[in-house]
């Protein structure tokens, strides 16, 4: 699913053309697969190394690389691309360890290159409206942030099936030490910080495996402490039979609260302490600028979806490349690194009997 | 809004390239506007006539025309394109009269050309699931179909504003004799027939104008009789302050009913006579083939939107062009003509004191 | 269901005691049935006549009669009770003809007696809030009112079953000339007028029977014209398989609209022309007085139901009896008569080929 | 609110009469207040002691006592009533300590007296359907239970207001050591165990105070371990501005999951691993017996509320008294004691740095 998503998102606004790629490590298959997705002849490469080398020689060589490979390869590919002077847009989790992420962050800093991490839910107009409302004080000081992220995909024991065997996600060597934290936990962590407008400084985590025999985590309950002192929790599960990529975000403030659910992602409910609830909707008048900009169909009742959210990141990535200034809403290398440090802290908390554990916020 | 929608929908699956166009009737402005939307140099024309003539001379000339101009020009442009051997995809309403539509239908028949009318709501996966469930007898024989289509866009008296003056929709000479019927009524009419799997053979209409001084209809209540004997009604209003392009479809059958709402378009509720309601969702297993094919993100909980619905029509248009066989789900020239004959019948019913009036179903 | 509902509603606020009744026409069975529902010994009568006569002799005789018998007996029982100086609370439809209703209305007027018709949906707090918002101009002048009332109870052909044979509702001689209009249409008619704050002066009706062989109507589409000039429609069906006593009310106004649904009856949505929708909720602060008074659990999130709506009518009935002044929100004899005149007009419209037909608003 | 609720719930099914009470500690005011709520003359007492003594002398003395006083008095009143041979129905939390609860449990056991704790949410038909579905294996073995309970009532700093000063709930001496756990946590704890069909054997708790200067907890996140090994968590907050007594219950099972929300309490959603979601509704056919019995309006679309849930407990209390056998769905003294032991364990976990702490399940 993720390949076509990247392609369509990149192309949606006409800010990118897809001119080269590594569709297979076998040269013959790479050529055929490249043709199938419309790559120009001779620009479907069997390896990143080959692509970077060849493209560097072309006057019209690639300027940016989109990384959508298994997690354990993110660091090497992103690092090589950055070193070759390319901009990088990379799937989450940014890497498979905090050290790797910190290394990427160091390479980006001062390089003039842009690194964007694809947290597409942060591209939804109503998530941006939530962030803007919090920033504007619409619910007063934030007291707590609660995020649920539940998926059904690993509810059955897919490990035993031929398809399951191919699922690199279930192999900690490829996906990182905790699947649930890398796969959906980093999304939830980013959403919580993005909307609260503050980083998470400490966590207290319970990590578990609901499906017997599984070698990685599919369940996590993580208590949060934000830099502002606000509390919170993430409820994460990938073995939640029947739950459809369910994401629910709630921000409790002094004078009101916000509720958003993925299943109705074009709505945002503000519940004040007194008086009627207010339902904000994508496309309506009187939205915050950043929510308005995130909509392509500028009227309510004209549904958009994940593609447009994803494309918003690509548009911001293009903006950052062309202007040299990344929009503050674009998930960048620091956001990606904080996601990995969050995983590090959660693993350490679980190992220590669920004690509060600090999250690193900046490179050493 | 409609121009970018067509462009993105056409490009989404890589089945079309946009290589020529008529972005303005002023040659200089046409060139500039064409460049802005990425047309190759020299292929931004100041008129359809010029485009058809010039492109006919090119070996790589255009094969299909997308018509998204004011309604009164649809017939002339589509007819010219068909006569020039092009395929046509045209905004609804197909024309501004039944006669014009019938003329287009005659030109298409036997020509080997494809004409598709953009009823994008019929491209939603759950609308296709509804059609498939009805066809499979999941709710027994259809007793009645109820459609609401309400919009807020003309709730205020926009006629007096400079922007309103530019709104050709409010001018019956340009938009056709009844705005509400052409603009949203044809969508509702098509949805009702599409899901019921049967044409509407007679209507009884009340047409009205809620906003004082308006020269066209913004309100309609239309009673329906289907060829199967089933009853129904359309509730249409474009002056419904605060209603966000609200569409609700209900099919009442002998043994159950279906409910679908635009605001939750990726769900479809089947309420059986007895036992729990069943909620079908885009991307779930066990969907009808035509609903499954209409989804690009093949898992529940990954929202798609109007763009993908629109793109489904473009994909079917491409399919019809390349195979010579239009998918049965593609709204074609006959569907477009029936939409216009529905308008004719509704106008006649209103004029006759709301009497039942037959809808033509085939050309004379 | 209706007997226990009346009993509980009457008792809920301690304003009534149930001290006599006619539970059966067989004296022995009446006594036994009376004991079962707690009637004092000797006050379970075999007929209304007997009850009125006996109770009139007691110093502690009944003061009010609740009529919950088949429709064709309402007039006789209510008339007898009024003539005996009792107050009457009567199920809808008030009678089985406009003439009967008019007769009751005449008996009530000037008698000092109170007659209340049980339209319990009008007792819901959020219906009262809707009425108050309309009256306060919150959505500007009303343009149209749309009500759906759909039930599943007669979707199957129950006539052939032993239980069905007992269903007096299906017998026009007992239930009145049009089941769907009497049973649910009068509720919808009252709701529309109650919230709009204006009577319906003309209707244009399509009445039908969806279930083959049925001797009465189970389907109606009724176009409305209010005294204010506002339009509207009622969609009524009792053969809507799977629809659970579904009622939806929408009021379209110049500057906004209201939406209410029975399935979420403690919420009311106000959609303004611009800006966020507002969700009013039972129990919240800042409600209209009449909505606040209609709640017994004065905080949001503490669900109430139909019983409390029904009990609100009993409370207003008590208020009217004790103070001599009926609250304006209590459905009275005139409301009941207008419901019957609405049925008369709808039947005449259907007979005349769906022409606009005036509804009587006052007795001759 | 709680006084009228108890009265109405007790009376709803005619199983109880309210014949004596302690409406005030001042004899004159007790008499007046008793008259206002309809107590017979001479049976409005100024103290429990007086009432128990006087009523014991009457041949028609009270048989049961309903306790709805501040928490710190529950133990003394319930113990005195039990010792006097009365049955007791008592508000939650049962007492203000595990020791007190254990003492009551010992007094009940073997006494032939019934003690019921009012957890009215457990009286809702769809909560009972959830319990029945879990027990029947409809979602396979339970993996995790997630409950949210959020209220807005203490979001503002009410302590400083005159009204706040009267709120005994905010005084730990009167309400118990942790308001959030006693007031709403015991409800959530009971719901989780009730639906899962298994007790909670260990907790790991974070208890907090969101409103500055507050002397008791208004926030809790409690991780759960059930006797079956299932995991879970409770999210509790009474300072959640704008959240309307929000309760959400989710049960994740091996083959599906259940979702229930207080704001739509007459629905229950079962999401299977594959295929359409199923929506169970109060009043529909094919419900579990215990869900069917919990509905008074035995058809869908006829809303009931908290009163009926509360009344279901009174009905079970009556059943237990008259038959000597408490229905398994009635929250009894052991349930009440487990609620208190849960609080004890949560407090100990918080004190120990959030370590897993065992909950007592039986008296020593």
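We just call them A, B, C and D in the order they show up, numbering each chain from 1.
Throughout what follows, contacts are C-beta pairs under 8 Å (C-beta built on N, C-alpha and C of every residue); 3 or more make two chains touch, one makes a residue touch a chain.
In this text the structure is predicted, and so the values were computed from the model without any measurement.
Trainee: Based on which chains touch which, give the shortest step count from chain B to chain C.
Mentor: Contact-graph shortest path, chain B to chain C, evaluates to 1.
Trainee: Could you see whether C-D or A-D has the larger number of C-beta contact pairs?
Mentor: A-D
Trainee: Just give me the whole-number Å value for how far the CA centre of chain A lies from that of chain C.
Mentor: Centres of chain A and chain C (C-alpha means) sit 55 Å apart.
Trainee: In angstrom, rounded to a whole number, how far apart do the mean CA points of chain C and chain D lie?
Mentor: 36
Trainee: Rounded to the nearest whole Å, what is the centre-to-centre distance of chain A and chain D, using the mean of the C-alpha atoms as each centre?
Mentor: 41
Trainee: Give me the residues of chain A that touch two or more other chains.
Mentor: Correct list: 152, 243-244, 270, 277, 281, 284.
Trainee: Where on chain A does chain B make contact in their complex?
Mentor: 1, 4-5, 8, 11-12, 14, 38, 151-153, 243-246, 262-265, 281, 283-284, 296-308
Trainee: Using the touch definition from the top, list the residues of chain C that touch chain B in their complex.
Mentor: 139-140, 143-144, 146, 148, 150, 152, 155-156, 204, 206, 208, 210, 219, 221, 223, 231, 233, 235, 237, 239-244, 252-257, 270-273, 277, 353-356
Trainee: Considering the complex alone, what residue numbers of chain A touch chain C?
Mentor: Residue positions touching the partner: 269-270, 274-281, 284-286.
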